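The data blocks that follow each hold one structure.
You will see subunit A twice below: alongside subunit B first, and alongside subunit C after that.
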Partner chain A sequence: MATITIDDQQYTVEEGRNLIDAAADLGIDIPHFCYHPGLAPDGNCRMCLTEMEIRPGQFGIVTSCTIRIKDGMNFRFNSPAVLDNRKGVMEFLLINHPLDCPWCDQAGECKLQDHSFDHGRGHSRFVETKRVPPKKDLGPHITLYTTRCILCQRCTRFCDEITGTSELGVVQMGSKSEIATFEGVPLDNKMSGNVADICPVGALVTKDFLYKPRIWHYEKVDTFCPGCATGCNTTLEVLHQKIYRTKPRHNEDVNGYWMCDEGRFCYHGWQDADRLKAPLKRVDGELRQVTWPDAMDAAVGGIQAVLAVEGEAAMGVVGSSMATNEENYLLRRLGAEAFGSPRTGLDRKPDGEAWTSKSGFHIDADKTPNTRGARDMLGAGSLDDILQGIDDGSIRGLYVLGGDIGHTLSPDVAEAFGKLEFLVVHDVHRSDLAELADVVFAGAIPFEKHGTMTNAQDRVQRLNPAFPPPGGAREDFAMLRYVAQRMGVDLGGTDPAEVLEEIAGRVEGYAGLTYDLVGDQGVMKGGEEPSEAAGG
Partner chain B sequence: MSTPLEFTDAARERAAEILGRYPEEYRKSAVVPLLHLAQEEWGYVSPEAMACVASLIGCSPVKVAEIATFYPMFNKEPVGENVLAVCHTLPCALTGCAGVYDHLSKKLGIGLGETTEDGRFTLRKSECLAACDRGPVLLVNRRLHTHVSPEKVDEILENLDKG
Partner chain C sequence: MAAPLEILTADPTAGADPGDMDAYMACGGYGAVRKALKSMSQAELIEEINASGIKGRGGAGFSTGMKWNLCADRFPRYLCANADESEPGSFKDRLLLESKPHQIIEGMIITSYALGINLGYIYIRGEFFQIIDQMEAALEDARRHGFLGANILDTGFDLELYVHPGAGAYICGEETGLIESLEGNRPYPRLKPPYFPAAIGLWGQPTIVNNVETMAQIATIVDMGAETYKAIGSEEDTTGPRLFGLCGHVKNPGIYEYDSGVTLRELIYDVAGGIRDGNRLKGVIPGGISAPILTPEEIDTPMGFGALGKLGSMGGTGGIIVMDETTSMVDALLNASSFAAHESCGQCTPCREGVPWMNDILRRIRNGQGRDEDLDLLLDICKQVHGHTVCVFGQAPGVWPVRTILVKYWPEFRACIERKELVVPPLEESYLRPDQYEHIPPVPGNFRLKTDEADAAG
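Let's turn to the complex of A and B:
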């Protein structure tokens, strides 16, 4: 630790930390543009200038982002020289900046707007004509509004330091300088969307979030990405039951400040899917929409018929890596207590491509969010036992959680499921799995669920819903409890928090976990430290 | 971009020599001398030439474009045999560079950045050439002429003609 002086007040801060971060820890905001905590300091924007005592009694102007705290340092944050310099820097930055805030997508979350308001002059002495370079299409996801750029180079440094792909550079000289890509080498990498997040102004925007409602209209929901087993922490921006944007939420142990493009834009696939809005029941060989009581009667009747004729253990359960820990846990209890069957399975989606960035940001090969958790809850990691049971005739009925819009059954699984006498399925659309079922419960997508999931690092994280399931669809959690109840079994906990407490007492590795403890940053299973620092 | 450019064998050897001057982890330091080499080779630095330099260094081509576009003495377009650059920064402006530029423009019949039809001359304005005490100055290819005037410019061009 080091003792430093800021404006004649003494503070104790961490030695070696840079001044912007150290001041932020103390609740003091030093305005800056080019510095980003996820990138190396660059000191180019000159906005974070403060005064530091460089010789006894003599102060000099320094860039806060490049200053590493040492014991005894003495700073002035609000001296006339500092305030004047800030005003000057703001005036320079605004020379060519257009006054297009009323139609700029960044308005409301724009550093230039904020700092201009707090530290600017309010008027410009620049009477010459502003430069109006045309906007540029940088790549599949990103557009550059060249006029708005203040050349802080966060984007170029992101591509150099984090992805290592270096597609962006600053070309030309002086007032003609511009961010550019090289002819034929567009900004096209797996994490390109992040440059729009870190752009402090409205210069870099994602094509996905152009001309959308103003940012202050959105409800912000802290959750995590269901796109792969990394589970990047995210904030969803939601308006009128619709997600408009996903932004990464800082979690040093999972994703740092970043997320991948696939995850960022995956909400479209989920939200635009042709969803089941009511349960389905097979009538004369065809699936028809029915009411919930009707579907429930059909499901319970069918299960009881299988159990009565074929005996206990003739019903198996298959969990889902798209379902929460609590849902998979309740499913297992439903199987064990209501069906008298300990036979569980998990239908694994085939692995996709894994990728690790230069900085260590990791995209997992498992494109589902909760394989670890589902395994822990079900005590099963594959479908082998279930398939064998169907093959040898010991399993005659199944209760299956589906819910992955991107998953199709492999031919042998489809064939096996086709042989069943009775199949109950939870799903979110008319998947090939739903098509085989006798009763389909209309369930929820990860953006509509409460509960926890366990990522590939064994980190338990909390899912929060952006909106309720559409129409007559329901959270799978509630349906599982209801089916159990109809079969004379009380599954206890009425919400995921209560079920997690029960899991904590019964499932190995989850001891001591509570909803509060998991919080918004997640917690490692078994209270361990993360095995490797991810984040990057 | 059209077809990729490749250095000739002789230029390749020189490129290897240039790269050899810098430690392996600072290969990017060779970008300016390699761009000069490219300009000697092809007369100007096209995007294809930048890509060629980038592949020699092993960096992203935009990093070469950053340098090549920063320095005005790297020609980004084809130029004439002789490049004339009149300094138009303040001290030269005060000592009469406008007259020199206008004279050259009229004499050669070309405007800013243009090349004569016979391909002999390209006319440019330049930023400060670091000889403010001897303005106005004119850069002819790599040679700096100081205290130039319309008359002196005629003489310089004649001497160029003589070869």
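Let's turn to the complex of A and C:
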């Protein structure tokens, strides 16, 4: 720790931290544009200039973003020289900046607006003609409103330092400088959407979020991305039961400040899917929409029929890596206690492509969020055991959690499931799995659920719902409890937090975990720290 | 009247092609290299340069010995000879590059030997393509004669020198911009600190960036010995010969060699033959466009770094731009400002936005659309840019000409605005007298009107 002086007041801060971050820790905001904590400081915007005592009694102008705290440093944040410079930089940044805030997508979260309000002049002394460079289509996801750009170069540094792809650079000189791509080499990397997040103004925008409702209308939901087993922490922006945007949420141990494009835009696939809004029951060989009591009667009746004829253990359960730890745990208990069957399995979708950026940001090959957790909860069983059981006739019925819109059954699994006498499925759309079922419970997608999941690093993280499931669809958690209850078994905990406490007492590696402990940054299984920061 | 010197301007090949290495050697060329490598230790050489009192010839007048002494104790170290001459009004490096390629190479060999450098670059302005070819050939000759390569003169000292063509921007001459350019990047000057590439430079290693004239003079110092060299000029103004390039409205423009004690008046009226057409002097820029302008009342000054600094100007490159009474200072400043606006690299906000904005305002004034508030606005923009930029570009060619010309020729700008057209007032009414403005040290170009007098004069 180091003791420093700011405007004649002494503070204790972390040694070696840069001045902007150190001041932020103290609740003091040093305005800046080009500095971003996830990128190397560049010192080009000049907004963060403060005065530092260079020799005893003599103060000089320094860039706060490049100053590393040492004991005894003495700063002035509010001297006339500092305030005049901020006013000057604001004026310079605004003279050529269009006043198109009313239709700029950044309005409301724009640093230029915020700092202009705090440090600007309030009137313009500029009577010349503004520069109007043309708008540019930089790549599949990103458009550059060149007029709005303040050339802070966060985006070019991102492509240099984080992705290592260096698609963006500056062309021309001086006031004609523009962010640009090389001809024929668009901004098309796995993380391109981040440049829109880190752009302090409305210059870089995602095409996805163009001309959408104003940002202050959204409800913000902190959760994590279900796109792969990394589980990047995110904030969803939600309005009228619809997600409009996903932004990465800082978690140094998981995703740093970033997320991949696949994860960023994956909410569309879920949100636009043709969802089941009521349960289905097979009638005369066809699945028909029925009421919940009807579906529940059919499910319980079918299960009891299998158990009555074939005996206990004739029913198996198959969990899902799209389902939460709590759901998979309840499923296992349902099987063990209501069906009397220890037989569990997990139907995994084949791995996709893994990718690690220059900075270490990792996209996992496992394109589901909770394979680790589902395995932990389901115990020793495997899908092979289940298939074997179906083959040898010892398993006659299955209770399967589906819920992955991107997953199709492999032919051998589909064939095996087709042989079953009775199949209950939780799913979110009419998947090929649902088409084989006798009863389909309309479930929830990850954006509609409470609960925890365990990522590929063994980090347990909390999922929070953006909105409730549509129509008559229900959270899978509740349905599992209800089925058990109908079969005379009380599964205990009435919400995921209570179930997690039960898990903590019973599942290896989860000891001591509580919902509060998991918090919004997650916690490692077994309370271990991650072996290395994957943040990038 | 100071006496002309013939040291740097001496013919090194006795009439032969300057690139002719045999002719150069026949006239004693590479003697300095032999002397340094064969008879002097590294410490003795560094001491010799320190003792010579030479100030770097790039423009800032920074002590060369001190720069060398700042070299961090790490290896490898690199040498960059800065031949990106692009300061408007300056053409002395070009003369040296054309007439004395081997003397420059000599200086670079000696410098490298003194500082334990084994790799050096000559960064030559891209537009000097002929010079680039000549220098390549000269390096090849030197290599063939064993002055470059491994084990030079059997001393065990290895050195390679390469030519690097400049990327066509003024900012490539800023020493950290030059280093970035050498590394293959946009020539954005680096953030300070570290203040000196001698600590962290090319590829992160200690790097000496010296002007090519400085390099040539290093050979001269070794040749004549520090004691003799030191007797030329003065410690405060810089020792050794200086090259002054006179251009503009003088009768005999050209490069002239004097010590730094020669006065501006002598250079204009005696050396360069006075003003064209018998006109009277209106203003003179003493060392390239960044060097703050001097009015006719201020030309009885020695041309040393120290003496010009006291007037709020600077020695600069020695490129002297003379303007006679027919010159519109509004036009002249617009010209200087257009250069700065064009050459601002665009890295940092105040320079990228402020410098072109001043250019826009000046163009408007020149076109008869100036507003009463424009001059104060210009001075205010100067204040907002000054000292707030990554490198010194924002202030040197960006702010200093505007602030100085505006303040000193305030009445002419006022007249332009009031009459809504470009006017060149009679000489006496166009500029302020030295008691009507003041310089606030230590920075050059930091001039302020003594307001009441200015208004009265305007």
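Basically, the second predicted complex is superposed on the first by the 533 of 536 C-alpha atoms of A that agree within 3 Å, B and C clash if a C-alpha of one lies under 4 Å from a C-alpha of the other, contacts with A are read in each partner's own complex, and residues count from 1 in each chain.
The rule is short, and it goes like this: a contact is a pair of C-beta atoms (placed from the backbone, for glycine too) under 8 Å apart; a residue touches a chain by one contact, two chains touch by 3 or more.
Just so you know, these numbers come straight off a predicted model, no measurement behind them.
*Asks:* Looking at the superposed three-chain arrangement on subunit A, would you call subunit B and subunit C a clash or a fit?
*Replies:* These partners clash in the superposed model.
*Asks:* With both complexes overlaid on chain A, does A:K281 touch subunit B (first), subunit C (second), both or neither?
*Replies:* Touch partners of A:K281: none, neither subunit B nor subunit C.
*Asks:* In the overlaid three-chain picture, which partner chain does A:G43 touch, first (subunit B) or second (subunit C), both, or neither?
*Replies:* In the superposition, A:G43 touches subunit C alone.
*Asks:* Would you sort A:T165 into first (subunit B), second (subunit C), both or neither based on which partner it touches?
*Replies:* It touches subunit B, and subunit C stays clear.
*Asks:* Of the two partner chains, subunit B (first) and subunit C (second), which one does A:T63 touch, if any: first, second, both, or neither?
*Replies:* Touch partner of A:T63: subunit C, not subunit B.
*Asks:* On the superposed three-chain arrangement, identify whether subunit B or subunit C touches more subunit A residues.
*Replies:* Greater contact footprint in residues on subunit A: C.
*Asks:* With both complexes superposed on chain A, which partner does A:E128 reach: first (subunit B), second (subunit C), both or neither?
*Replies:* A:E128 contacts subunit C only, not subunit B.
*Asks:* Which partner does A:R375 reach: the first (subunit B), the second (subunit C), both, or neither?
*Replies:* neither
*Asks:* Touching A:E91 in the superposition: subunit B (first), subunit C (second), both, neither?
*Replies:* Second partner only.
*Asks:* Regarding the shared-chain residue A:M173, is it in contact with subunit B (first), subunit C (second), both, or neither?
*Replies:* both
*Asks:* Can you tell which stretch of subunit C bumps into subunit B once we superpose, 22-30, 328-336 or 346-354?
*Replies:* So the stretch of subunit C that bumps into subunit B is 328-336.
*Asks:* Can you list the residues of subunit A that meet both subunit B and subunit C?
*Replies:* 169-170, 172-173.
*Asks:* With touch defined as at the start, can you tell me which subunit A residues reach subunit C in the complex?
*Replies:* Interface residues on subunit A, with respect to subunit C: 42-47, 49, 61, 63, 66, 84-85, 87-89, 91-93, 95-96, 125-129, 150-151, 169-170, 172-177.
*Asks:* Taking the complex as given, what residues does subunit B use to touch subunit A?
*Replies:* Per the touch definition, subunit B meets subunit A at residues 1, 47, 50-51, 59-63, 65-66, 69-72.
*Asks:* In the complex formed with subunit B, which residues of subunit A make contact?
*Replies:* Within the complex, subunit A contacts subunit B at residues 165-173, 180-185.
*Asks:* Please give the residue numbers of subunit C that touch subunit A in the complex, ascending.
*Replies:* Its residues touching subunit A are 169, 186, 188, 191, 341-350, 352-357, 360-361, 364, 371, 373, 377, 383-385, 387-390.
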